[in-house]
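Each of the two complexes below includes subunit A, the first together with subunit B, the second together with subunit C.
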Partner chain A sequence: MALQSLDIKARSATTTPSPSVRETMEVAKLIDISKCIGCKACQVACMEWNDLRDEVGNNVGVYDNPADLTAKSWTVMRYAEVEVEQNKLEWLIRKDGCMHCADPGCLKACPSPGAIVQYSNGIVDFHQENCIGCGYCITGCPFNVPRISKQDSKAYKCTLCSDRIAVGLEPACVKTCPTGAIVFGAKGDMIHHAEGRVTDLKSRGYTNAGLYDPQGVGGTHVMYVLQHADQPSLYSGLPKDPSISAMVGLWKGVAKPLLSLGIGLTVLAGFFHYIKAGPNEVEEETEK
Partner chain B sequence: MQVTRRQFFKVCAGGLGSSSLAMLGFSPNDALAEVRTFKLERANETRNTCPYCSVGCGILMYSLGDKAKNAKSSIIHIEGDPDHPVNRGTLCPKGAGLLDFVHSPNRLKFPEVREAGSKEWKRISWDDAFTRIAKLMKADRDKNFEAKNKDGATVNRWVTTGFLAASASSNESGYLTHKVVRSLGMLAFDNQARV
Partner chain C sequence: MSNETNLVQRYNVKERTNHWVVAITFIMLVLSGLALFHPSCLFFYSLFGGGTWARILHPFIGVIMFLSFLGLAVKFWDHNHITDTDREWRKHLGDILANKAKNLPEIGKYNIGQKYLFWSLVAIIPMLMLSGFIIWQPYFAPVFAIGLVRFASLIHALAAFIGIVAIIVHVYAAYWTRGSISAMTRGTVTKAWAKHHHPAWYKEVNKGAK
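On to the complex of A and B.
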């Protein structure tokens, strides 16, 4: 077993503890929606770095292209035209993709050991070689991000460019952003940067501006600066208070150990029955 | 193979038992997951300027192989140059997609000519291309150059030919281009300076 370049904090369907001695810096990507011009350089840089070339789709009447996340499009720009006030049209452009939750629903729901891992720096990464293509991660995700590929029946999503961060680089989308709407760094630094942006937006009349770092999923490692933080749903349906589905919590939290215990007890009972009562002898005649 | 009812039950029970044990965690551990290996580890890094618009962003081009005699280089990745004062590492969507522009099957790699009335593009050498351009320019200039206008004022203009220059030129080459074009009297002079 090789030492990982990033320490693993949590691993899907694994109960043994992960190495936790080394303290690595928690990182975060901050997307300032007020600075985004919707040029999609991040989409292009993402595809280029990750060697993905999605099929050329069709225009669906809006700028969203592709219209949704796919196994080969790990980030998409979502363009929302909203009238927050009467006669004041706002074009809210949100870069959608994995939020890298501190408490990841996908990892919790995943039944395949090691298919989803969370690194100690906050990245939630899928390892397709262990993926069984069951799609539980999609059910578990409060942001509807993972997608199963039709090509190989495995789930894919943004890796936060874990291969770049592991060698000390920033993600490809962050690097390319021409307006500086996407920034990357230590999570504390990103929160600090966001505070400055929120103060600026408030002084410009966006009284409800704020940082989107939802605590329902333990905070995220991809955060947004929103002009209207009181109404995240304006931004193409960003959930206001995301949390992991109760079903996932029930199944993985309570039901699974109980059922595992049930199976274990059944095996044990069978064993003792065999020891005590012995095999059920059958007459040669009955067998025939 | 003859399987009795009893043997069949035994096989089923054994299978169920072992798969249950595996589900309970009594199975060998998988190798721990690692991040995708950094693909530029020893790739050759070359500085260049984005060819698209006149902003002239600096780019880093990464190519396969270390330029050893027997290794054929091929560009595998392009990203912004963080040390370049113009873009400081950023690139627009066109610049960010330069890799596919470099490897595009539609990319023009040599001079071609389509003769008047012909439907076919014909490949010619650079020497032939320059000679041809020079000859045609001279013929047109000799025919249409106006030293004076109809009121007798000196104008020294040549309005029947235009010149389109590259957007990624340096200040020096831009200066030289300007001098050459203007000294010929050419007025229609533009630059592909658009994103």
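On to the complex of A and C.
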């Protein structure tokens, strides 16, 4: 969503710095999984605020509905039934969606200028009017979040309600959450709030409770409080130590500048060879 | 044409047409591909009507190039086996590049550089087709595992690099070696050119003509 009221810090397919003089507050959304009751009000609020109406799907045998993120479902609740201790069933419900990485793999991979931007407050946003539909954001994302619409071949994902944040409102999912499991504010404040929640969970026997703010992607602007922070994969496959794939790093970090340089040097080598050696002509004698 | 007797046929119409279909599609692929690869080449997007059109067209052009390259590969395959004479010729490469070569081994229709070009394209064009197929949105990429798509993206870039560098050398060599370009535009080269650059091939052609 195009939002000029937020400062852009990083921009896809752009090798020069973006305007970075103004300093704005880094924000974060904190999702406390121990408080989530799985009511899906956040999904509804997301649909309502963003004018999204996904197709009504089918029950696939679990509570997850829709079964996965789509171009029209930017957040979904994922329900995991696990027994961390024997005979002690836990229902771990994770609100899935874009994590708004500080080092976004989607932005790194995107070849279209300004199709993906990172605001100075940390939100990573897709500007669909610049999207060319190549799917590189999917290739780059360590969390399997972006989805290309079959309708228009543009990539979509959670905007963290950048349009609401820009005018001082909290994201729609935060506003609607009936248990206060989702909170929003300055990233520092959210980390502080999470520490309190972690202390509380530990006092209640969740000795491995912790904050999920993975440093492999520079930290995220959507964070989780997990009862079992030592095993994030319990939460419907949340990656333990996510980072941009080494393949994508080689492709966009190493190959992109080096190979471009190599092509340029090859052209120059040809030109200067000609300047030095001149053309390879058939001598007059052989001509006869 | 008064000087017709001075000329030797090197490529027939089919070969020339096939070559230029590959060449034109290759250039289109390089331009759209470089725009997708590095921001310094973004302006190539506009040659295709913008980024979205470049993304849509690139893989279809790729299929045309792949299929037409198959034609070239079959036509030229037999002439591209590397021989001991070629290896001997390669030892003089420094002199050749400095335009100082004398008493070169008598090579056939292609020199070893041209053969290397042929075999590198034979290697990378199927790689480009295969990896390109895996990353082709929106039709095929969604069915492949993300790890494979990432690997294919990297391979596509590396293979394209090899191809682009090989073709830059190919184009330059054709320009630098005076009298070569007419082989692909008119189909003919001068007898002197043939005798000088590809003596064994020239003898063979002469033998056939008699």
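Assume the second predicted complex is superposed on the first by the 260 of 288 C-alpha atoms of A that agree within 3 Å, B and C clash if a C-alpha of one lies under 4 Å from a C-alpha of the other, contacts with A are read in each partner's own complex, and residues count from 1 in each chain.
To be clear about the criterion, a residue touches a chain if its C-beta (ideal position, glycine included) is under 8 Å from a C-beta of that chain, and two chains touch if they have at least 3 such contacts.
Note that this is a predicted model, so its numbers are computed, not measured.
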Tell me the contact category for A:T15 with respect to subunit B and subunit C: first, second, both or neither.
both
One more residue to check, A:I148. First (subunit B), second (subunit C), both or neither?
second
Which of subunit B and subunit C A:V267 touches, first, second, both or neither:
both
Of the partners subunit B and subunit C, which touch A:Y235 in the superposed model: first, second, both, neither?
neither
Output check: A:P113 vs subunit B and subunit C. Expected answer is one of first, second, both, neither. What do you get?
both
May I ask you to decide whether A:V282 touches subunit B, subunit C, both, or neither, giving the answer as first, second, both or neither?
both
Subunit B versus subunit C as contact partner of A:M247, first or second or both or neither:
second
Output check: A:H127 vs subunit B and subunit C. Expected answer is one of first, second, both, neither. What do you get?
first
Considering only the contact definition stated at the top, list the common interface residues of subunit A for subunit B and subunit C.
15, 113, 130, 260, 263, 267, 282, 287
Touch list for subunit A against partner subunit B, complex:
1-2, 4-6, 8, 11, 15-16, 39-41, 43-45, 47-49, 53, 113-114, 117, 119, 125, 127, 130, 159, 162-164, 166-167, 172, 175-178, 180, 260, 263-264, 267, 282, 287
Considering only the defined contacts, which subunit A positions touch subunit C in the complex?
13-15, 111-113, 130-136, 138-139, 144, 148, 150, 153, 245, 247-248, 250-251, 255-257, 259-260, 262-263, 266-267, 270, 273-274, 277-283, 286-288
Provide the residue numbers of subunit B that touch subunit A in the complex, in ascending order.
4-6, 17, 20-21, 23-25, 29-39, 77-80, 82, 87, 89-93, 95-97, 99-100
Subunit C residues touching subunit A - in the complex, by the definition given at the top:
34-42, 50-52, 54-56, 96-99, 135, 137-138, 141-142, 146-147, 149-151, 153-154, 157-158, 161, 164-165, 168-169, 172, 175-179, 190, 192-193, 195-197
